[in-house]
Amino acid sequence: DTSAKKIALSNNYAGNSWRQAMLTSWGKVTGEAVKAGTVAAADPFTTAENQATEQAAQIQNMILQGYDAIVLNAASPTALNGAVKEACDAGITVVSFDGIVTEPCAWRIAVNFKEMGRSEVEYLSQKLPQGGNLLEIRGLAGVFVDDEISAGIHDGVKQYPQFKVVGSVHGDWAQDVAQKAVAGILPSLPDIVGVVTQGGDGYGAAQAIAATDRKMPTIIMGNREDELKWWKEQKDGKGYETMSVSIAPGVSTLAFWVAQQILDGKEVKKDLVVPFLRIDQDNLETNLANTQAGGVANVEYTQADAIKVIESAK
Amino acid sequence: MNEVLKAVIAVDDAKVSFGAVKALDGVTLRVMPGECVGLVGHNGAGKSTIVSVINGGLTPHEGSVASDGERLERYGINAARARGVRCVFQELSLCPNLSIVENTRIMHRHLGGFGWRRRAAKIIETSLDAVFPGHGIDSGRAVGDLSIAERQMVEISMAFSNAGVAPRLVILDEPTSSLDASLARQMLDHVRRFVAAGGSVIFISHILHEILETSDRIVVMKDGRVVAERPAPGFDHHGLVEAMGTVAKEETAQRSTREQSTAPLILSHQTKGLPFTALKGEIIALAGLAGHGQTELLLALHAAQSGAWLPERDPLVTFVAGDRRLNGVFELWSILRNFSIASLGDLTRHGLILADEEQTKGVDWKRRIEIRTPDMANRILSLSGGNQQKVLFARALATRAPVVLMDDPMRGVDVGTKQEVYAIIREEAAHGRTFIWYSTEMDEVRLCDRVYVFREGRITAELAGDAVNETNIIAASFEGVAA
Amino acid sequence: MTFRLSSDALRLAIPALSLTLLLAAVFWLQPRAMSYVGLNLLFNLAVPIALATIAQMLVMAVNDLDLSMGTFVSFVACVTATFLRDAPAVGILILAGAIAIYAGLGVVIHLRNLPSIVVTLGMSFVWGGLAVLLLPAPGGQAPDWVRWLMTVKPPLAPMAIVASIAIAAVAHLLVMRSSLGVLIRGIGGNQRSVERAGWSIVAARAGAYGLAGLFAVLAGIALVGLTTSADANIALRYTLLSIAGVILGGGEFIGGRVSPVGAVIGALTLTLAGSFLSFLRISPDWQIGAQGAILIVVLALRLMLNRLEKREKRR
Amino acid sequence: MTPLFGLFGKPWIWSWLAAFTVWFLTIMVTLGASTLGLSQAALTFAAFSVIVGIGQMFVITLGPGNIDLSVPATMTLAGTVALKLMNVENGMILPGLLIAIVLGLVVGLGNYALIKVLRIPPIIATLSMSFIVQSAAIWTNRGLRIKPPTMLAEFTTSNTLGVPNVAIVALLISLLAWFLLEKTIYGRWISAIGQSMPAARMAGIPVDGTRFVTYLFCAVLAAVAGYLLACFSGGAALNMGSEYLLMSIAVVVIGGTAVAGGDSNVPGIWGASLFMFLVVSMLNTYGVGAGIRLIMTGLIIISVIMLAGGRRAGM
């Protein structure tokens, strides 16, 4: 019985549509759970500046506030370990997701980012068996997700040597930054056949490329509604083909249920894996229809989903 | 040759130029032990420059510096200080954020080590007691909290203080400009005591009677050269003015009392003491000991009459700063821009600046008030202190404001220029302008129609007509001291 | 004669009072914080911030501003979590070199008469780049002694409080009481007069920057001690935080008016303000805005107390 | 002095030289084939930096300590709200622009109110304000990306006679700024205030009014930049301004405007904006990694200021 338990969400960043969708999903799902009396409280907290030190302080405050569990999307996989350790020592259950932490006492709901990067190249190899030049758009330098996805992409290129990464820019996971970076490097690049991305930057790349007289390469998308819409337009007009892959913001609700299960006394493995959400040419329309205008393609999880994930990990 | 051997400092044929300006054009100056050398000259004559040469701050482009008969090849600030050369600069050269004790530490480089605070306090307090007996300044106070007169007292005492290397030559560049008569007296007395004990002093001032009564020898500079040099008794006031080359009409006589009561009231202000009023065409002095609320009244009058949010179409007041570094000059600008800023409203159409008219007006005023510069487009900082002050004067007079507030504006202005400015003031007053004038100099106070005397932040007396004289003012200034 | 506080003491009274008020509010909202463990949790992350604030204060004392504080502390954190643990000698050498570069910046800024803002802006890219090169992905581990130092449990008061007091005391001695401190503040107050007294301004400025570098290095080490590992972006917010801390503590941008004790109090206040907010439980949309609001409130408090001070002075 | 030599005395020349060098090095990679593409891209993206940079420059001209850190948040809020209001309808383009400008005015008003009424130093006042504005942007539509009206999207992304339209807009704004600074009484006023606020007050300048207008102007330019950028990049994002915090300051100071205030420089902003874009492009083109790229950017900034600053000090 967890009806007296209080759960907190520690979130490091709210400045993009993915995070906003994540917070919305959290609010929706936990709101119902609280109303149903499953848990006593599920309060979300966001830091202002997307900084590990700020989030560490936030976690320490949560310890003081007496939460029973903390669900955590971390600014850094390692820099919060000190605070997470203190929470564990105070008897608090810590479940990290998306931005996971390496502290052994915490649970991790991870997406295999490396695999995500590799699968992008794999997709391209099927679509363009003859290979060619690729442009890589990376995220924020020094952040672990960026490093993981990029490593996966480079693994993929090693696996399919017909591809070659001829340019690499940092788009900071923001459309406008990506657009700017791509526009800057594009004039000096040879022909490119594909753009591998990390999510949230495909539309910016498309814009930058559309501004030149180049042929539109295959741009891997990141599940944003504007990307999907642009893809749909291209698909309808010119039969443009690509795929879109990202982690679903609703994974926060999975983390919530996992935390609830742990509080309920369930035996749960420390490392759980969720699949990333992939959209392909054939299911584009259904996904687009289900996505809020301007938002991100999303899946929300139920308690039953969580139990299934926990069981399958055993 | 013998003279050179004995001289504390001997500068020989020093030449310094800043671009086209020859600040020093072959100056030879010797200072003997046990003498006070008075140095006078018009604004921009080169006095401050020769001071910089002597204290090691400036290496002359030609010429040499010798001390105790030894020619000094690598002369610099530290060499000068090691030989006991000390300097009081005219503008504030203390750190306002530090306490007096900490400033003493800065001034005396070798004071370090454990317990320096105690030693520094002792050094500066001893010196303050010696120069200004009964000064009442606590050496733990921050310099920024002191009045301008108190700062100057600290600075003077600092120069005479002894922290190991005894001062041998003290240079005073207009030290009395912010001191009232009694403090100036104390300082001059100390200079005499110091000289009698074998020390040397170079004393620069535009207040000639101070020079005449304190110096042993007077050196007159003009346009970067020494034009006269004689023992002090060889000069009188008139002779000195003549030697400086200023054709000044010695006209410090009091204004003839005019029929004022009929003039309309133009400004009134409620103060803590007597009420303050000003009539059209009046010249009003704010007198009393330095730092007793005169500047505050001027600032209050200015603040009450000028808008901080919207430009005034017809401003009632304009202001001539005395502390020009703080609230006078715009250092990045040319002389012309510095001059025109207050009257810019009249030089614009629909907010657009009429460059030609600005230029014309600038050239006109350069001539009227004789600003010593080849070109009004030069930077304001290329002017000597006194000439900068003239620009500030011109700035205020060029406006249409009927009331001019003046915060001891004649600091560092030479005698000749002063006479010209006095004449302009009188003329403008005759045309109906009102001047409210804070001054530390009795000669200037006597030029005024009416005098408000300040004491501890309030107006304690109002003198008019024949009652405006030194005795009455001093009496009013010290009123209530005993109480 | 009536009792009169010196302006330095008043400068301190204001931040101290705002900290007390905020602390009272936090205790009222969350009585649990009123314990040994609670205080440590509230304040331990303020320790590196306090050190960085002192570093920033030293630069501000000579009328400069350091926009690279955050990236520099991040860089130091990366060095601490990698070299200082695996090869202490190399680590110490790198950190000493970094301090020397800081001192060098002071020299260059003075000699070439450069605006410190631009030079440190440039340096912020350099430190950021070096940090990314060192740790392309977050990681590393805090040396054991650092970890021990930051988690030690002294008797009576928790580590965070003891450390804050120690930092304030050392910085006070260094900046307010020593000759070097007087010289540094003197440059901020009136550089020309210090020069005329025969001091080498270059050396003094190098000293100020070098000391700032030293305190910033300590900040980075302390930070890693708390977080156990580092990443290249770990302390970016320290730039603005340290400036805000100095200002909250009664320091000023120009004129050499600084207060080390105030700066430490300012850092504690900033940290506490964040906690206060999370105890209030505001809607997520406005949580970020509330951080701005609390800064405004704390600074408005400063203004109110400043007014009191002025009235006090006039009397 | 020959005219050419005189040119080297201008503070803005160095940023232009730097931009040109980097541009040349980049096009040489493709032996000139990328000239047109790169130049157009540079002009386009420099335009946004120029617009926010000009606003920031006016504020920085007001003297030490004056800076507007709310620029990114203002851009975000203006972009978000304007696109939401326009809702992809061409007829709403003008109302959208108007609402952006009004939002700019409101933010500017808020900024100056904090600075003036509460006496909070600008750097902290505008930082606090930016948190509140950012919250407001989140609150309005929670980060949903709405597309710009087609006409506007078309306008912002296309060229006129080979020159990007946004660059033309930025040029017009620059001309206006230059005119204000050089030819009007307002320009004199802000320069005077930047050199000495007390002196400006005593010279009869309406100091508060002038400063107020300047903060308004800066916020409005940020709002306009946000509006254009949102349309250009196909929708407003909550993080779209964040890049422009450092950028707006960097282009001002690299462009040769005096950081201590009183002296501003419009041409330099263009040079610096082009340079800031091109240097990243160059390093990307040469395939340099993020770490090295950051270090190089920093070192180049410092070298530019050393060349420029050193010359000025010597004059």
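Per-chain residue numbering starts at 1, and chain names A, B, C and D are given in the order in which the chains are listed.
Here, a contact is a pair of C-beta atoms (placed from the backbone, for glycine too) under 8 Å apart; a residue touches a chain by one contact, two chains touch by 3 or more.
Treat the numbers as computed from the prediction; the structure is a model and nothing was measured.
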Specify the chain most distant from chain C by Cα centroid. B
Using Cα averages as centroids, what's the distance between chain A and chain D in whole Å? 32
Between chain C and chain A, distance of the C-alpha-averaged centres to the nearest whole Å: 35
Using the average of all C-alpha atoms in each chain as its centre, how far is it in Å between chain C and chain D? 29
Report the inter-chain centroid distance for chain A and chain B in whole angstrom, where each centroid is the mean of the CA atoms. 71
Chain A touches at least 2 other chains through residues 14, 23, 48, 141-142
Shared-contact residues (touching 2 or more other chains) in chain C: 131-132, 136, 287-288, 291
Chain D touches at least 2 other chains through residues 131, 134, 138, 142, 258, 290-291, 294
Touch graph of the chains shown: is it line, ring, star, complete or other? other
Pairwise, the chains that touch are A-C, A-D, B-C, B-D, C-D
Chain C contacts chain B in the complex at 6-8, 177, 179, 182-183, 185-186, 188-190, 192-199, 255-257
Where on chain C does chain D make contact in their complex? 108, 112-115, 117-119, 121-133, 136, 240, 243-244, 247, 253-254, 285-293, 295-296, 299-300, 303, 306
Chain A-touching residues of chain C, taken from the complex the two chains share: 30, 32-33, 38, 41-42, 44-45, 48-49, 131-132, 135-140, 223, 226-238, 271, 274-275, 278-279, 281, 284, 287-288, 291
Chain D partner contacts - residues on chain B that touch it in the complex: 302, 306-312, 315, 318-319, 321, 326-333, 337, 341-342, 344-345, 348, 351-353, 395, 399, 401
Write out the stretch or stretches of chain B touching chain C in their complex. 55, 57, 77-78, 81, 87, 89, 92-98, 102-103, 105-109, 111-112, 116-117, 140-142, 145
